[in-house]
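The two complexes that follow have chain A in common; it is paired with chain B in the first and with chain C in the second.
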Partner chain A sequence: MERSEVRRLYALALFLLGAYALPFLVGASQGTVHLNERWLGNLATVVVGGLMQGGVYAMFAVGLTLIFGVMRIINAAHGEMVMMGAYLTWVCFFYLGLDPLLSMVLTLPVAFLFGVAVQKLLLNAAVGAPELTGLLITFGLGLVMIYTAELIFTTDFRTIPYAPGTVRLTSTIAVGRNRLVSFVLAVVISMAVFLFLKLTRLGKAVRATALNAEVALVCGINVRRIYLVTTGLAAALAAAGGALVSIQFGFNPETGVVYTLQAFAIIILGGRGHYVGALIGGVMLAVLENLVSLMVPNGTAMVELAAYGLMIAVLLIRPGGLMGVKEG
Partner chain B sequence: MTRGEHLRNLALLVVCALVLALLPRGLSLYYRSFLMFTMMYVVLALSWNIISGFTGYTSFGHVAFYGIGAYACAILVADHRWHWLPTLAVGAGIAALVGVALGYPVLRLKGPYFAIAMLGAAEGTRVIATVWDGLTHGGLGISLPSAETSVETYYAMLVLMVVTIAVAYAVGHSRFGVRLNAIREDETAAAALGIDTTVYKLAAFVLSAIFPAVAGGIQTYKVLYIDPPSVFFVQITIAMALMSMLGGKGTVIGPIVGALVLYTAQELTWVNFPTAHLIAYGLFIVLVARFMPRGLVGLAIDQGWIRKGMLH
Partner chain C sequence: MNTAALRAVAVFLLTLCVVAGGPAWAGHRGGNEVVIGGAISMTGQYAEPAGRQVNSIKLWVDDVNGRGGLLGHRIALRLLDDKSDTQTAIKLYEKLITEDKVDLVLCPYSSGITEAVANVTERYKMPLVAYGASASTIWEKGRRYIFNIVSVAENFQKGSVHLAKQVGVTKLAIISQDSLFPRQAAKGAKDWAKKLGMDVVLEENYPPKQMDFTALLQKVKAAGAEAIISNSYFADAAAQLRQMREQSLNFKLYSSTVGPALPNFAEQLGPTAEYILGFSLWEPLPAVFGYPGMKEFIDAYEKRYHEKPNYHAGSAYGALQVTEAAVKKAGGFDGEKLREAMATIEVTTIFGRYKVDAKGMNEHEGITFQILRGQRRVVWPEKWAETKAELPMPEWSKR
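And now, the complex of A and B:
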């Protein structure tokens, strides 16, 4: 690594430290920080909750990073794919009576096929084109998805009651059972995808295409097919994220936008196109968000600001993010 | 392009402006605001085109400047009892300052990274407008004193549109514009030829920030109420990009044609299909980006309907 790169990495680390310290400082000045046992227990609960939420975020952010890494396309409809997964789960739960986790067996292949269709019909034209083409195609697709969902499901918020109650991890830290289940499943799925990319022939071909599509083509890899697999896998991961989100939070057709922006922030923080980076980025973002909402007044708006601030600052300090290589 | 062609284009602009200036007396309120909206989108698309079409830096957050102009007008008129015209200058000034402060770091990013950073910046501006209660009244929004403003704002928008077209045309046919194009085609090569790319990019960015701010101010004085979600609406950015692309980005006539066609189409579908118009709009975005990335002007050139360089 060059010297200047090392300096930038230090600068980024310092910035992140500051970003995590900021909610504490604001909290101290606003009187929302209390150094007693109960508050420290709350703090620990929030951090652990953030870790678990981060696992889910990371999982669907991996889908975004895959598409970006392989095709240099920003999927602006990623959050809508998450939302689609949530609605598919909801339909399976209320109309077919399927367990939300079990229904993934049904919904993930559907999402995979959806991704393949999107790639074949729309995104193939955007590979290698100026970034605006891909951005507009996926944004338009997102709009179609949002308003189709509104037509079918209305704008009412939906929830799926699943695994109520809490689990005590220690005497002071308790997490919702649904959150714990989601986290475990997110870790399992992320591991499976990781192993797929690392060990299987197809997974290796995906990584090779991400490194250099031309060389991959010369080596006999069917790059078009890899594109199909990539977008299919990304859509399936987003839908899995949707299923896990749906048993924790309420959702309506317009909630997807928030997930898109979160996924952007995550892959930029971790390093675009970088698998492990996305996992780290997901956890870091979720923990920061939870810290902000615990200590800073005007919670929800400030949580959003934290995500955007983090994203821009990382782009400016070290565009490669935590794990990425120098680029851009 | 010859001097005669420039003069012909200038004459065309003057005639259009005169026709538009005479129209509002004979028109109902509905058609007057329809025309005004169309003119506003011409301004927005042309401004976006300066940084993203001429220079090749795709801004996915240009609505930030529109919102800044809107808030400058609303705050100064409602809370400080200013006349509305000088607030437009203040909005333009703030947008220019923000443009420099934001552009200097962000324009170092390329391609998709610049687009995402701008998207984040615009969303961030919206959140700031929501939480900065003392200045912006937060999520409640700002109501301006009620008045009949549709005629004066119509003329203000007309003037703004003519100025924007003139400036975009001048940029498009100047050495400045050629240098911006050089940056778009190959920034390293442009720098090697001695073009100070940082300065040129920043100039293009600031120029493209000013007009949307003024348009935001005028529009605010027309509708007399704003709140953060309405003036920092992502789809305003999308409209700028889509109109430019539909007409032909990187040209002068393209964004104008795109704004006219798209806004008219939007209005017609909205009136005729109130429930499905947003789906149709999304589909339209997809189809334009998928099948017509070079836009109507590109199509016309390919088909031999117009000569390259004739109108743009």
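And now, the complex of A and C:
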């Protein structure tokens, strides 16, 4: 490792320490930090809650980073795919009476096929083209998805009457069962994608394609098929995120864009094209947001400032993101 | 190009001429016709509530024409779509007033668009009664030609704060989405709490995109609040309630401004929505309110649109009844005389009593409801209560 790089890593560590200490300092000066058992319980709940929320964020982000890593396409319709997953789950619940988490067995294959179709019909034209082409194509796709959803489901908000049970970790820390499940799912899926890419033949082919599509082609890898698998997988991941959205929040056809932005911020922070980075980025953002919200007076109004501030600062110190490779 | 194709082109061009000529002819009217025009959001983000107002507008026009018209004139309706966009609305109102020369103007939907359009109608001295705007700031800038029929945002939480007082709450938390209408509602809630001698122990805003309320809810609890006054819409109210339940955080009372009043909130959220309070400007309950003509309006609306009118539909119909009464009092469509009539008239519509103050604001009284066994039941004010509020809310673990 070069000396300048080591120095940058120290700078990053110092900065992160400062960023996470800041809410505590502000809280201490404003008298919102109390070192008693009750307050520490609050703090622990909030940190654990952030961890869990980060898992859900990461679920959105892994799919986005996958497409970017392999094809260098920024999928602007990613949030709309999340929304599609939410509506699929909603339909399964209200018309087929399926449990929202169980219905993934049905919705993920549907989403996978949707992803394959999108790749075949639209994205193949954008691979290798300037980055703007892919962005515009997926942006258009997103609009078509929004207005199709409005035609079918109207602009009314929906959610699923799923009453979350509580899991008590200790006497003071309580987490929703659905969050715990979401978090475990997100970790398992991120790890599975990571291992799939590291260990399996198909995964190695995906990575080879990501590194250099032409050389992969020469080596006998069916690059077109790799692209199909990638987009299918990404759409399925988005749909899994959508299922979790449908049981936690309300959604309508226009809410997808929120998830695109969220996922985008996370992969920039974690390192573009890096899967574990997405998980770490998601957790870091969510925990920081929660700390600011808990301790800074009127802090909830500033969570976006904190989140994007963190993102910009990390990029200044380390342009490739936390886990990113050095950009050449 | 063959003959058939040429003919097709000719037909197309002719059609274009007819379509383009249309608006020019629309200004013409028979001697016995008045043109009432307006632009309202038929598409875009406001399409859901504004669409219900369009229903009421059409119903009213047919009602009046059925009774022999307005002062004996048949009404021709000229309704355009502003696509939920302020700039489009401004352009359309300019056109309606200067080109189409409408005799009366209708209102758009939402506080934002209404305020922008009010600048146009003010310039041409066209009076109107707003039925889709509740931000009081519209009436605080000395405008003379706009009047309102609905409650101001500051009163949306009035009932909930009173109910909190009744069940012995002394410490309140007020949380609000960071945009104009919720902030105004928060301001009102704070003033009411102060008047009733309660402590606001936490006041906090959150960005419109916020999904995770874990930390905010912990903060509310740590501040010692016994009740939450939440100035929120659907997605945020749903997330707050779910996360309260997840973390087993119990409060004596939870109230949200807009979310619970949307038709499918209780159904979509199920047991988590039970016992919470919400606000409505009006409900289709003739037995409760007893306003003249209310039952007939509800029946006619339901027959035509196959659903019960909600408060958006009610406020639009009520405002048009006021307009009708004002036209009769003024004896014509002269802007100045009509303004005078709208400013001084006192009339009870299907939506309630209308009598504006010097600023042009009506003191409409809304209702607070509680979701009980999946139904919205009026619990405040007492004179209209269908049932007694079941407060404090039972703890999550005991449901």
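What we mean here is this: the second predicted complex is superposed on the first by the 307 of 328 C-alpha atoms of A that agree within 3 Å, B and C clash if a C-alpha of one lies under 4 Å from a C-alpha of the other, contacts with A are read in each partner's own complex, and residues count from 1 in each chain.
In this text, a contact is a pair of C-beta atoms (placed from the backbone, for glycine too) under 8 Å apart; a residue touches a chain by one contact, two chains touch by 3 or more.
All of these numbers come straight from a predicted model, not from anything done at the bench.
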| task | Considering only touches as defined above, state whether A:Arg38 meets chain B (first), chain C (second), both or neither. | result | second
| said: Just to be sure I read the superposition right, which of the two partners does A:Asn298 touch: chain B = first, chain C = second, or both, or neither? | reply: both
| query | Touching A:Cys219 in the superposition: chain B (first), chain C (second), both, neither? | reply | neither
| message | Contacts for A:Ala286 in the overlay, against chain B (first) and chain C (second): which applies, first, second, both or neither? | response | second
| task | Scan A:Tyr308 for contacts with chain B and chain C and give back first, second, both or neither. | result | first
| message | Quick one: is A:Pro319 in contact with chain B, with chain C, with both, or with neither? Answer first, second, both or neither. | response | first
| request: Report for A:Leu135: first if it touches chain B alone, second if chain C alone, otherwise both or neither. | output: first
| request: Quick one: classify A:Thr148 as touching chain B (first), chain C (second), both or neither. | output: first
| A:Leu211 contacts which: chain B (first), chain C (second), both, neither? | neither
| query | Do chain B and chain C touch any of the same residues on chain A, and if so, which? | reply | 261, 298, 301, 304
| message | Show me the residue ranges of chain C that touch chain A in the complex, using the header's touch definition. | response | 45, 47-48, 175, 178, 203-207, 209-212, 214-216, 218-219, 221-222, 234-235, 237-239, 242-243, 245-248, 262-265, 267-272, 396
| What residues of chain A sit close enough to touch chain C in their complex? | 32, 38-39, 42, 45-46, 49-50, 53, 154-164, 166, 174-179, 248-252, 254-255, 258, 261, 286, 289-294, 298-301, 303-304
| note | Residue set of chain A touching chain B in the complex reads 68, 72, 74, 122, 125-126, 129-133, 135-137, 139-148, 151, 257, 261, 264-265, 268, 298, 301-302, 304-305, 308-309, 311-312, 315-316, 319, 328
| Complex contacts: residues of chain B adjacent to chain A | 52, 56, 58, 60, 105-106, 108-113, 115-117, 119-121, 123-124, 127-128, 130-131, 234, 238, 241-242, 245, 249, 275-276, 278-279, 281-291, 293
